[in-house]
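In C-alpha cells below, several structures.
Both of the next two complexes hold chain A, though its partner changes from chain B to chain C.
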Partner chain A sequence: MAAAPQSTGRELSSPPTDGISNLRFSNHSDNLLVSSWDKSVRLYDASANALRGEFMHGGAVLDCCFHDDSSGFTACADHTVRRLVFNYSREDILGRHDAPVRCIEYSYATGQVITGSWDKTLKCWDPRGASGQERSLIGTYTQPERVYSLSLVGNRLVVATAGRHVNVYDLRNMNQPEQRRESSLKYQTRCVRCYPNGTGYALSSVEGRVAMEFFDLSEAGQSKKYAFKCHRKSEAGRDIVYPVNSIAFHPIYGTFATGGCDGYVNVWDGNNKKRLYQYPKYPTSIAALSFSRDGRLLAVASSYTYEEGDKPHEPDAIFVRSVNEVEVKPKPKLLPNPAT
Partner chain B sequence: MLALLFLCFIISFLSDVYGPIISDFRIADNFICRYGDDCKFLHVIPQQSQPSPFGFGTQTGTQFQRTNPQQQKPNPFGFGAQNNAQPREANDFGSRPNRFKPFENKWTRFSPLNTSSSSTLRQSDSQTPVPNHKCTDPESCKRQMIEDFENERPLWKLTCYGHNKNGPCDIVGDISYEELRALAYDEAKCGLSLQSIIDREKSLINSKLVEFQSLVQKPHAVSANASISTQNSVAGVSPNAPMTIQSGGPPPLSSFGQFGASVNSPGVFGAASKVLMSGANSALNVTKRIKLMNNTLSGNSNMDNSIWMKAEWKIGEIREEAPPDNCIY
Partner chain C sequence: METACGSLLYELQIIWDEVGESDAERDRMLLELERECLEVYRRKVDQANRCRAQIRQAIAESEAELAAICSAIGERPVHIRQSDQNPGSLKDELRSILPQIEEMRKRKCDRKNQFVEVLEHIQKLKSELSNSSGYISTTLVVDEADLSLRKLEELQRELQARQNEKSERLKQLAAAIQRLKEIKIQRMQRLQDLAMSLLQLWNLMDTPPEEQHVFQKVTCNVAASENEIMEPYMLSADIINWVETEVSRLEELKTSKMKELVLKKKSELEDICRKTHLIPETDISLNIAIEAIESGAVDATYVLEQIELQIAKVKEEAFSRKDILDKVEKWMVACEEESWLEEYNRDENRYNAGRGAHLTLKRAEKARALVNKLPALVDALASKTSSWENERGIEFTYDGVRLLSMLEEYNILQKEKEQERKRQRDQKKLQGQLLAEQEALYGSKPSPMKNQSANKGPRLSCSGKSNRRLSLGGATLQTPKPDILYSTRATPNTQHAKKNDRLSHEPTRDDGFQALSSGRRGLDIAGLPLKPHSFNPPNAHEIESPMMRKPFSPISSTDSSKSNATNIMEDLNRKHNEMLQKTLTSNNTPFATPSKTISTPDEENRTPKTMAIPVPSTPSTVSVPMLTAITPASRVLESMKDEEIEYSFEERRAGFVLPKEHRNTVIQI
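Up next is the complex of A and B:
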C-alpha cells in the first residue's frame, strides 16, 4: 500500500520483524538490500515499494552489501559469510570467522569481499568459483580489537575497531596497515565512512560527535581535520549525548548525512562546515542510512538499536524519501569580484 | 580605493544573505566616498539593519552573479584537498576576521547559518587551536576527564574512553550495543532466564561505571592498568562466553532493562519489558548508588571471570593459569 509520502518519506511495506542492522542501495538500480536481527536479508525495489526476495540465515544478519544488481553478500552472527544470488534464490557460504561477522564490503577495485568480525580479524575472500573456506579465503589480518566498522574507497580500506583503534590499509598490500591510528574522538567508535573523493574518512562515535580525518599525514593534510558535535539535545543545562550510528555520503555532491539515536537525520557540508538540513524526527533511533546511486533517494532505517537496553519502542521501519537538491547541495561560496 | 568600494558591496550582500556581519569590522575612519549619496554602493555601517541588495543596481548585481559560478567549485565527489575550507573573502580582506578557522567548529545545532553568535559557543566546544592535551600534569588530565564526564557523558555506558584525542584509551573493554544484543539473544535461545540476562548486563554496566569513577580519582594509576587489562580485556567476545564481572553485592538499579529476545516470542518478552524500568535518567542515579556500593571490585575488573563459570569448555578456551580465588567455591 503506497501511502502518500509524509514528511518522513514513504514507508516500505513488509519491513523486517526485528531490528534493522544495515541497508544499502544498489549501484545499478533502486534495489535496496536490508539485513536484520530477525535473521533475514530482504531485497526491495525501493521505487516500486515491493519486496523482491528474502533469505533466511542461521543467526542475526549484521551487515549486507551488493555485488552487482543480482547478487550480494551478507555478514551473519552465526559466524558465516554468505553469497546470495537473488534471481535464483540461491545462497552459499563463502567462509567463516570465529565470532559474529560484523561488517562486509565488496571491493570493485580488487574484486574481493572483505569482512570484519568480533574475532578481531579482517578476512579477504575471492567470491568467484567454488565456495568453501579453503578455496575462497585470500588472507586473514589480525586487528588490535573487535572490528566495528569498515569502509572502502578506491584501493583504501579503513577499519575501525573497539578501543578506538583505526587501521588504514592499501588493498594492494594487506600484509600490514598503511597507517595505524587512534580515533580522535574520546569514546567508542560507531561508524567510519570514506569520502567519495578518497582523501579521508568521517568517523562517528557514541558521544554525539563526528571527526573528519584525512589520509595525508603531512602537516598540510592534517591541518584540515576537525570534529563537530551533533545529535545532542540540551536539557536542564546539560546535553543528552546520543550515539551517531550511521554516516552516508551523497554520491554527487559529497555532502553527507548522519543518523543518530535521537531519531534525527542531519545533512552536513563538510567543506564549508555547515549543516545543510535536518529531516523531521523519525519514530526511533536511526540504525542505517543509504543514498541511491544518483542521490535522489535516501533510505532511512528507523529501528531502535538498544542503546538504552530493552524498552518499549516504535516498530522497526524503513523510510525511503526523495531527496531535494536544497537539502544536500552545498551552498555556493560568495566571492568578491576581482578588482579590475 | 576600488577595493574599499568592493568591500562595502561585499559586506552588504553578505550581510543580507548570512546575517549580521562580524561586529568588529570597521571601515577606515578616513575613508570618504567621492560619490557621496549618489554612490551606487551602499555605505554600510555594520551592526545596523541590513540593507537590501537592490541598492546595488543591476550592473553590480550582474557582475556578482557572473562571478559566482566561476568561483564556486562544485566538488563532484565530496570534499578534500580541492576545496579550501576557508572562504576566500577572508583571505582577501585582512581586516575581516576569518569566520572559519580550520579547527574552529562553527556548527550550531538548529540553524544552518553561521552567525556571529557562533563565536560564543559553549566552553566545552572549543576546537579553536587548542593544542592537544599533554599528559604532563595529572591534575590537568583529571580536570579534562571531569569536564568530559560532566558535560558529555554519552548515553551508552559500555564505552571505552581516552581523555587524550588520538591517544590510547584510558578505559578499555568497550562493548557495542550489537554485541550485547547478540549475547542476550543467544542466551535467551539457550534458555537462560530473562532475569539472569538482565542481572548480567546490569553488573557489566555497574562495573564500567565504577571504572570511570576510579579513573577520575586516580588518572595515572589507571594508565598503567590499561596496558595490563588490554591483555585480559573483554575482547574476542563470542556469544558463548558472556562477560560477567563478579560484583560484591546485589546489583543496584540501573537503566538497563532486559533484552527482549523477541526473535522467538515477541509477545512474552514484549509484555515483560514494560514492567522493567527503563529510561536514561536512572543512569545518573546509578552513579550515586555506585558510591554506596561496597568496593570489592578489584582493579582488574576487566578480567573475564565468566570463563571459569562455564560448564563445558570448547577447544581453545581451556585456561593455563589457575582460576582466581573468587571463582573457587
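Up next is the complex of A and C:
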C-alpha cells in the first residue's frame, strides 16, 4: 500500500480539499487529526495511510486537538467549539465565541478545553457536561487583542495575540495572567509553542525569525533568551523573509522543527543554537507540523497559507515522514579541538 | 243666648197675642222659625266642616308634597315629624308641617339650581365639543323626579369628563399647532438658506436677470420672519425641491467653472515654466488638488490662490533667468551653426558655383565668426550662471538639468574631440608612412579615403564584435566611440576644439571623423540636448530601456535577459573603460568634476551571478549555526501594511474584519 518513502515522506491519501489549518498526532497512537478550510475535520491512521473518519462543520475549521484517542475538539470559523467522538461519529457543540475560534487546546492537567478567538477572549470549558454553553463554560478571559496562537505545558498556558502581546497564565488561577509580555520580535506573531520541559516557549513571526523565551523573569533566566533568523532566502544581496507558520517540539529530544512559507522544514537544537537538519523542500508553504508521540514520525501539512492573498497554488497535501535520529538528536557542543 | 231667644219668644208671644195670631199661624211661624234656625245651624256646621276638611286637605297636600320632595332629593327634613306624636289639633299639625315644607321646598330649589348649573355646563361643553356649529337651544330639562345627590354626582362626573375631554382636545390642538409651526419655521429656514445660496451663486457667476427672476417669489422672502410668509404653498415640499435642484445645478456649474479656471491657470503655469526652461514642480500635487476639487473635498479658491502664488513665483524666477537664457539661446545657435559648418566643410562640392552658393558662403563666413566666439561665449555663460547660482543659492536648471553641468560636459566633449582629432591625425600620418612603404615595396596604393569613409566601425582596437554591440545599443547610437555616447547625453552635438587649436584646425576636418558625423547625423535632428532623463547618474538606469545601457554603468545581476550578451559586453566595457580613463585623466575642466564618477574596472565589470536557485542540501553531519544577530529585516512586508489594523493570513482568508468599536484598541506594530 505504501510506496517507498520519498524524500518528502509519504503523502496521505484523501487529503482535505482546501487549505489545512492544523494537524495533530494523538498521544496514544498514530492517529492524526487534521482540520481544514474545507470545513472538515479528518482523522487518519498515519501509519496505515487510511482515513478513519470525517466530520463536516458549519465553517472553516481553524484548529483541532485530541482529547483521548477516541474523541477530540475543534475550533471553527462559525464561532463554535465542538466536541467530536470518532467511533460513534457524534459531534456536539460545546459552546460559542463571538467571532471565529482560532485555537484550541485540551489540558490534561485540569481536564479543561481552552479556546482562543478573534473576539479577543480566551474561554475555558468543561467537556464532561452536556453540551450548551451554560453548563460547560467555566470562564471567559479577555485578551488585549485577537488570539493567534496558544500552547500549554503542565499548568502553564501561553497566549499569543495580534499586536504582539503574549500572556502567560497559570491554569489554576485564570483570573489574571501570571505574566503580561510583549513579543521580542518586531513583527506579527505566527505561532507559539512551549518547551516540553516547561521552562519557556518558542515564538515565531512573519519575518523569518524565532524567539526563544523563558518563563523565569529573573535576570539569570532572561539572560538565556535569544532569537534567530530562519526561513530566509538570500537573493542578489538581499534577504527574502518568510513567515514561520509552525513549531513542533520533538517529544523525546526537546529539539524542535519549524515550518515556513518557504516550503522548508528545519530542525533546530535550541540549547546549542544550531540547525540540525533541513528537509527537502515541500511543494508549498508549511502550514502545520506535528511529531508523533514517540517522535518517530513527523506529519507535515504542505498547504498554501494565503500569505500572498488568493492566488493559484499547489494542491494541499499531508506528508508523513519517518524521522531519523540524526535529524533530531542534539549534538553536544564541539570541544575546542574539533575532530571533524 | 237662651235668654235672648227666650225673651224674643216671649216678645213674639206678646206680639201674637196682641195681633191675635191663630194658633195654626203661630205654629206655622214657630215651625218656620225652628226650621230657619236649624238651617242656620246646619250652614254653620257645614262651614265648619268644610273648614276642617280644608285643613285636613292642606295637611295631606303638604305631607304629599313633603314626601315628594324628600323622595326627589333623597333626603328627609331636618326635624322629622313624629308620626306617633300627639296630634293635637289639625291646625297645630298644619302649623308644624308648614315650616318643614318650607325648608324642603328651599332645599329642593337649591338642589335644582345645582342641577341646572351642572347641566348648563354640560350643555355648554357638549356644544363646544361637538363639531356642529349650530345654535344649541338653551332650554334645559331637569328631571325633577331625581334630584338625588347620587344623580348630582353622576352629572358632576359627566361634567368633569367632558371638561377633561375638552382640555385634552385643547392640548392636542395646541400640540398640533406647535408642530406645524415648527415645520413651518424649519421649512422657512431651509428655503431661506437655499435662497441665500442662490443669491450667492448668482452673484458669483453673473447669472442673467431673466434666470433670476424665475425664483423671485422665493428670493423675495430671503429675510422674512415667520409671520410674514402667509402665501399658500409657499413652503410646500415641492417648492423646496425645486429650489434645491436649482441650487445643486448651480453648484455643479460653479465647480466645473472653478475646475476650468484651475486648469487654465495650471496650463498658464506650465507655459511659463516651459518658456523659461524650468520643470514645473507641482504636477503631482496639482493633479491631486484638481481631483479633490471634483470630489468637493477642497475649496477651489484655495487651490487657485496657490496656483497664482506659484505663477507669481515662477514669473519672478523667469525674469531673473532671462539674461542667462538669452545667452544659452545664443550658445545653442552657435553650436548649430558650428555643426552646420562642419558638414559644409565636409561637402566636397561646396565651392562649386550653384544656385544660392553665395548665400551659403556668406553663412559659412558668419558661422566661422560665431564659432570663434563660442569659447568666450561659453565662459561668459558659465561665469554668469555661477554668480546667479551663488546669489540665489540654488542651481540654475535648464529643462531639469543643471546648466553648469551641461556646459562642463560640453567643454569636456570638445576637449576630447580635439584630442581624438589629434590622435586621428597622428594615425593618419602613420598610415601614410606605411602606405608609402608599401608603395615602395609593392607599388600599389589602396585608397585611404574610401576605406575610412566606408568604415563605420569603431576606431577602437576591438574586434568586429563591437558591431554587434551597436545593434544592441539602439538605433540612434550607431557611433562606436565612448565619447560620442557621452555626447548624446551631454550637449548639443558639436566638436570641442580647444581655443588654442581652433584656428589652426578649423579648415582641416579629418576624414576619419566621417564616421563620427554620419553617426551623429542621427542626433542632429533637433540640434538640442536630448531628454533630461539621460543626465541622471549612471546607476539610475531603470529609466532607459534595458537595451540602452549607459556606458560604465554596472551590468545588473538581476537582468537575466542580458545574460547572453554579458560576455561580449564585459569585454567591451573593459576596453571602453581603459580608453576613457586615458582621455579623462588629461582633462582640466574649470568646472566641478563630472557628475558621473568612473569607478574601477573591477566593480563595473562584475559579471552577473548565475541565476540557478540554490538547491538546499541537507548535510547529514554538519550542523549550521543559527544566525542569532538581531538585525532589522531588509525587506518590509507589504502585507502588514493594511490600513491601521494588521490581520493575520487566516483572518484575511476568512474575510474576518474587526467590528468598528474594537478597532480603537488595536496597537500597531
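Operating definition for what follows: the second predicted complex is superposed on the first by the 331 of 340 C-alpha atoms of A that agree within 3 Å, B and C clash if a C-alpha of one lies under 4 Å from a C-alpha of the other, contacts with A are read in each partner's own complex, and residues count from 1 in each chain.
To be clear about the criterion, contacts are C-beta pairs under 8 Å (C-beta built on N, C-alpha and C of every residue); 3 or more make two chains touch, one makes a residue touch a chain.
Because the structure is predicted, anything quoted here is derived from the model rather than measured.
Q: Evaluate whether chain B and chain C can sit on chain A together after superposition, giving fit or clash.
A: Clash.
Q: Considering only touches as defined above, state whether A:F249 meets chain B (first), chain C (second), both or neither.
A: The answer is first: A:F249 touches chain B but not chain C.
Q: Between chain B (first) and chain C (second), which, if any, makes contact with A:Y226: first, second, both or neither?
A: both
Q: Which partner does A:K39 reach: the first (chain B), the second (chain C), both, or neither?
A: Once the two structures are laid over each other on A, A:K39 reaches chain B alone.
Q: Now for A:K311: first (chain B), second (chain C), both, or neither, which partner does it touch?
A: Touch partner of A:K311: chain B, not chain C.
Q: A:N197 in the overlay: touching chain B, chain C, both, or neither? Say first, second, both or neither.
A: Once the two structures are laid over each other on A, A:N197 reaches chain B alone.
Q: Hey, is it chain B or chain C that touches more of chain A?
A: Of chain B and chain C, more residues of chain A lie in contact with B.
Q: Does the superposition put A:Q188 against chain B (first), chain C (second), both, or neither?
A: A:Q188 contacts both chain B and chain C.
Q: Using the superposition described at the top, list the residues of chain A that contact chain B and also contact chain C.
A: Of chain A, residues 19, 21, 37, 60, 62, 77, 99-100, 102, 118, 120, 145-146, 148, 162-164, 186-188, 190, 206-208, 226-230, 238-241, 243, 269, 273-278, 305-309, 340 contact chain B in one complex and chain C in the other.
Q: Flag every residue of chain C that touches chain A in the complex, lowest number first.
A: 557-558, 609, 616, 618, 620-628, 630, 632-635, 637, 639-640, 646-654, 656, 658, 662, 665-669
Q: Looking at the complex, which residues from chain A come into contact with chain B?
A: 17-19, 21, 37-39, 60, 62, 77, 98-100, 102, 118-120, 145-146, 148, 162-164, 181-188, 190, 195-200, 205-208, 214, 216, 221, 223-224, 226-230, 232, 234, 238-243, 249, 252-256, 261, 269-278, 305-312, 330, 332-340
Q: What residues of chain B sit close enough to touch chain A in their complex?
A: Answer in residue numbers: 2-3, 6, 9-10, 13-14, 17, 63-64, 67-68, 71-72, 74-83, 85, 87-89, 92-93, 100, 102-103, 105-114, 125, 127, 148, 150-156, 158-163, 165-169, 172, 174-182, 185, 201, 230, 233, 235-239, 255-260, 262-263, 266, 269-270, 273-274, 276, 278-280.
Q: Okay, in this complex, where on chain A does chain C touch?
A: By the definition above, chain A touches chain C via 19, 21, 37, 60, 62, 77, 99-100, 102, 118, 120, 144-146, 148, 162-165, 186-188, 190, 206-209, 226-230, 236, 238-241, 243, 264, 268-269, 273-281, 305-309, 326, 331, 340.
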